[in-house]
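In the two complexes below, chain A is the common chain; its partner is chain B in one and chain C in the other.
What follows is the complex of A and B.
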């Protein structure tokens, strides 16, 4: 009797919540669609939607249309935890995609380990390597078979940026960084690598990002940087810092040879601003990347969403979903061991070019590394790729 | 003496029936059976419902503890500071003192109280917007101190790991994987429920004591309250201490649950905003209001999220704005007025 009552209650609850059973493969996506990181999450969702459309137009996965269920984490660890558990216990997904924010990822690791779905994660870059007494994502995940990390680790980001700086030929670099888990360790790592490369770092100064409650007045930090007379100003902050920081650099008439920034994204309208001229930035994907894959992705993205992608997370999300589709189709089954084997050995498509998983310092499966990163420069209202040279659309120019 | 008069006198001697304390007992009983009930109804899906319920309990503790100070008429924006102080206390104890994990929770409350006394001794003579700004600045100062403390001590920008309080072990062949998550979530649910019951008890005792009248007088007019003999600074300090103790313990529990502390996460302004929006929605200056606000807002948000995945926060915002416009005394205040009017109408 109790058994029948329970079944009835579950059925009524399921109907009330609009739960339907669906055939075919479903992939659960965790992204911050609201809150301070919504820009990144919405870019991810746009990339997933494009890949989903193409995958289903090409026959779907295992002969059935692929489904995705996108859950909003709000970049909040407790909300992310509940969202992941919903995907596992209510939606019964076997594959997890998406991901952003190291805080959310750290909160999810224990739960990932409990359920052990295949997790292909495009966010959460804090590896923990090089930080004494702190275990980051790479250290906590260790060599788990079911975890696939797509985004480069923090040390890859720093290596790429430092390689660009060294290639410019500058001798002195002043570092300004926002003072959270993003900019703090990143700037410390950058200073160490730059000094190892023989460059001088006369100043490393922190500021509070406007994203995290800062006032947007960076004049004190900029004045200190100007006093060093360094060849390059290298800053690490967030998208919302781009406009106030660069306009205040102009206002204070500070003119280093190069102004190089590494925020996660750049405001799309910034290109037209006069203070953008000659500013350089690190980015994971550019719509004008002169490769057939990038051009095809950009065209399809514009057709679906009506504008070019302005955040590289769209390209990573696209690569994320296609890798799942190709691996499951190649395995011919959703059996976890078979799909893991395909992910370990396969080569996958992406707007950035073909890619595959290789071991990183600790983790068993690392997708993109330093090779993801490009450096662009605003030149007369256009973002030209200036580094690496083999992908460059224009030469780097000096701001002086 | 007539029989009704004697009964009335006897009732006056006994005092009114303690409905509020009975409410705490009912709350504790409901909490005790909630995990089993959710498992019975939703089976494996109870895992995520338990997480959502824990988040709602956490919001209720945050809101009710903030309301305790708000009853004195002071708008505190320091809740993020006390929450972060609790979180960092347990993280530092685990890292440097190797104490039992559970000890970090009460000590998180103690450290938060110490900070409240420090802040209170400097700011409680301030009033209105000056007090609010001083408390907001305090949260920023604490965050900055954590940022700039030696990295090997407080983790700096990268933060610190905090071990989980509960680590149920999966036994292959004897259980399913979701049951491990259920056991973990069930254990955390009981910790949050216990903390909420303690917060509710403290709030009720405050409401039943003479301090309630002192707080109401201070909220209405602090000068007049002072003339009437209310020692305003002492009352505010007591409310500040109680308020910070519970939110400090909450910060410590949450640090264990999410596995890390980061300056931006632990001292987030969003914590303070939630702490004050929830009682405004549910009803200020009561024990029931912040709890109704927490469960009401959590349910509305979850329901909207599951119904309109796109733009559900717009609906959430509309609910908040409509509540403030049409129910300025919050859900509990408005319902109370409605029932009082009905009762009076029926008596006529």
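What follows is the complex of A and C.
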């Protein structure tokens, strides 16, 4: 009896001090592993796996191997909610990582607030700022201490894209965008910023993405864009829209100077397609980024997975898990307040370079911002970095 | 109103009707002959797209030629699925049949996810995907044109087969009266098997076309299944002849709305649901 009581006292004391059990720290990951966004989710998982391998090879977290439990959200709000609640109630995790899709994130916010784990989130860019009648993620999260947003907000994305567009010297830009919480607010923000920069936006037209029930026939929207004869076609959609959109632009004989896209990822084999030539795109990480961190990450990724990372979410996931490991190790405990303090003040490693959390317009903790973004261009079957100029591997060429 | 835009909308709608007809006629065949609503039809389509992709990646076979391999492969898959599952629920309540085909669809989707992953795949290196012929300010895409010609040829061929061949006549007999057809000596189960395999083969051909037009993903079949159901409803359940006209009607309506209405592309699904609604209301009023 005394023996059992002694063990109970030790257990209660350990829990009170936030000390982990012999099983070590477990981080719950929410990613879309199946469904239309599975490509992005699987890239995230690959990044988490690489970071996990390195963290545990370096001694783990608090002296124990780190564990992750990856739950599939299918990029579906209802499935994502169930997956999160399973992590909280069955797996008892204290830390949440991963994340993709603004729709899923919006659906999770109230549940995040109910359980209040530390959430370090690499997806969900729709801030809601500047959009009347719509509450975005940043607006709904507000100044919560436990929420850490790693991915840039939509206004950061638009700022980067607008800066690139302005640097190309074009005068007119037609915007095509998919019609969900991703493309709608993004294109509205882009139009406002482009017009503020003195450019003309003769058309902003929505389409249904192939990811969200569209058949991939974008000819009506492209024909309207072609009628504007704008210098640039700037589109916001998903990776499965890339092939039909770019091939139909050529088929309809629309020849803008630049075809610029901002999907979350690009089909890995697209580089070899003829219609890829001269297409430019916004991306968060490129394996040929000429920095030591990027090269080291790419080599390790190839060693583990046998191929280069072709979706920047792998790099963000890698940064996500390492930030947790470094913060918990620096805190020396899993106590929430201590870990939050370390996340607020620490500087973390990533394939993109060192990074830290700073306040954004509303939220208290924002990781990457405008500086994350690169613009690449498909040139003769290779993705060359063309912007910003200090990171460029080749000059930008016109499609005309 | 820009007349070029209007003409482009009409041409794009007419050409899109080919693929719609091909996908829908397979579904109509399953409903009309076997009397089963096959919710896995879009997944046959998706498997066809992935097989075309794999033949291109592994053996460099152009999708034009892979049509000849994918169609029989899907026919075989359809025959296997019919033999191992569908034939056991032919006399079961309709809900059971729907649940079975829905489950088959989920299994096929997840198999594709395991084999090919979730990333959109690209049949790269085919220059003809982007070719468009300019005719008086209107662009006629080579791939949509070829897809239209192939689809309509196949659909007309199917009509001919149903009207003029022994197996076609057997299918019509079974569709009209299963018991009567059995009484006069037709092997009903064999006719069903052929009809289901043919339905899957037609979906496979549509899948090859979609592999060229866009990126195969495990979810690529869903949008086309919805279109196919709309077209089959407009044509009249199981009415294979009506599919051709219904495909043209749905595709041209969608294209006109997508072109003439601001942000009209996002209304495509609303267009076909509105058409279904209008057709069902009109039919019920006519019956009343």
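The rule is simple: the second predicted complex is superposed on the first by the 378 of 400 C-alpha atoms of A that agree within 3 Å, B and C clash if a C-alpha of one lies under 4 Å from a C-alpha of the other, contacts with A are read in each partner's own complex, and residues count from 1 in each chain.
As a working rule, a residue touches a chain if its C-beta (ideal position, glycine included) is under 8 Å from a C-beta of that chain, and two chains touch if they have at least 3 such contacts.
Note that the structure is predicted; figures quoted are calculated from it, not measured.
> Put chain B and chain C onto chain A via the superposition and say whether they clash or fit.
Once chain A is superposed (C-alpha atoms), there is a clash between chain B and chain C.
> Go through the superposed model and pick first if A:213 touches only chain B, second if only chain C, both, or neither.
both
> Contact-wise, after the overlay, does A:34 reach chain B, chain C, both or neither (first, second, both, neither)?
both
> Taking the superposition as given, does A:134 touch the first partner, chain B, the second, chain C, both, or neither?
A:134: touches chain B, not chain C.
> Classify the contacts of A:335 with the two partner chains as first (chain B alone), second (chain C alone), both, or neither.
neither
> With the two structures laid over each other on chain A, which partner does A:110 touch: chain B (first), chain C (second), both, or neither?
A:110: touches chain B, not chain C.
> Please work out whether A:179 is in contact with chain B alone, chain C alone, both, or neither, and reply first, second, both or neither.
both
> For A:126, decide between first (touching chain B), second (touching chain C), both and neither.
first
> Which partner chains sit in contact with A:89 here, chain B, chain C, both or neither? Use first/second/both/neither.
In the superposition, A:89 contacts chain B only.
> Identify the partner contact of A:143: answer first if only chain B is touched, second if only chain C is, both if each is, neither if none is.
Touch partners of A:143: none, neither chain B nor chain C.
> Do chain B and chain C land on any of the same chain A residues, and which?
Touching chain B in the first complex and chain C in the second, residues 34, 179, 206, 213 of chain A appear in both lists.
> List the residues on chain A that touch chain C in their complex, please.
Chain A residues touching chain C: 32-39, 41-42, 179, 205-208, 210-211, 213-221, 223-224, 227, 239-240, 242-244, 246-248, 250-253, 265, 267-276.
> Would you tell me which residues of chain C are touching chain A in their complex?
2, 4-5, 8-9, 12, 16, 110, 113, 117-122, 124-127, 129-132, 134, 139, 141-143, 210, 213-215, 217-220, 222-224, 226-227, 255, 258-259, 262-266, 268-269
> Which residues of chain B touch chain A once you look at their complex with the stated criterion?
For this pair, the touching residues of chain B are 40-48, 51-52, 54-55, 58, 95, 140, 147, 151-152, 155-161, 164, 167, 170, 177-178, 180-181, 184-185, 254, 257-260, 262-265, 269, 305-307, 309, 312-313.
> In their complex, what parts of chain A are in touch with chain B?
6, 9-10, 13, 17-18, 34, 70, 72, 77-79, 81-82, 85-86, 88-90, 102-103, 106-107, 109-111, 114-116, 126, 128, 131-136, 140, 179-185, 206, 212-213
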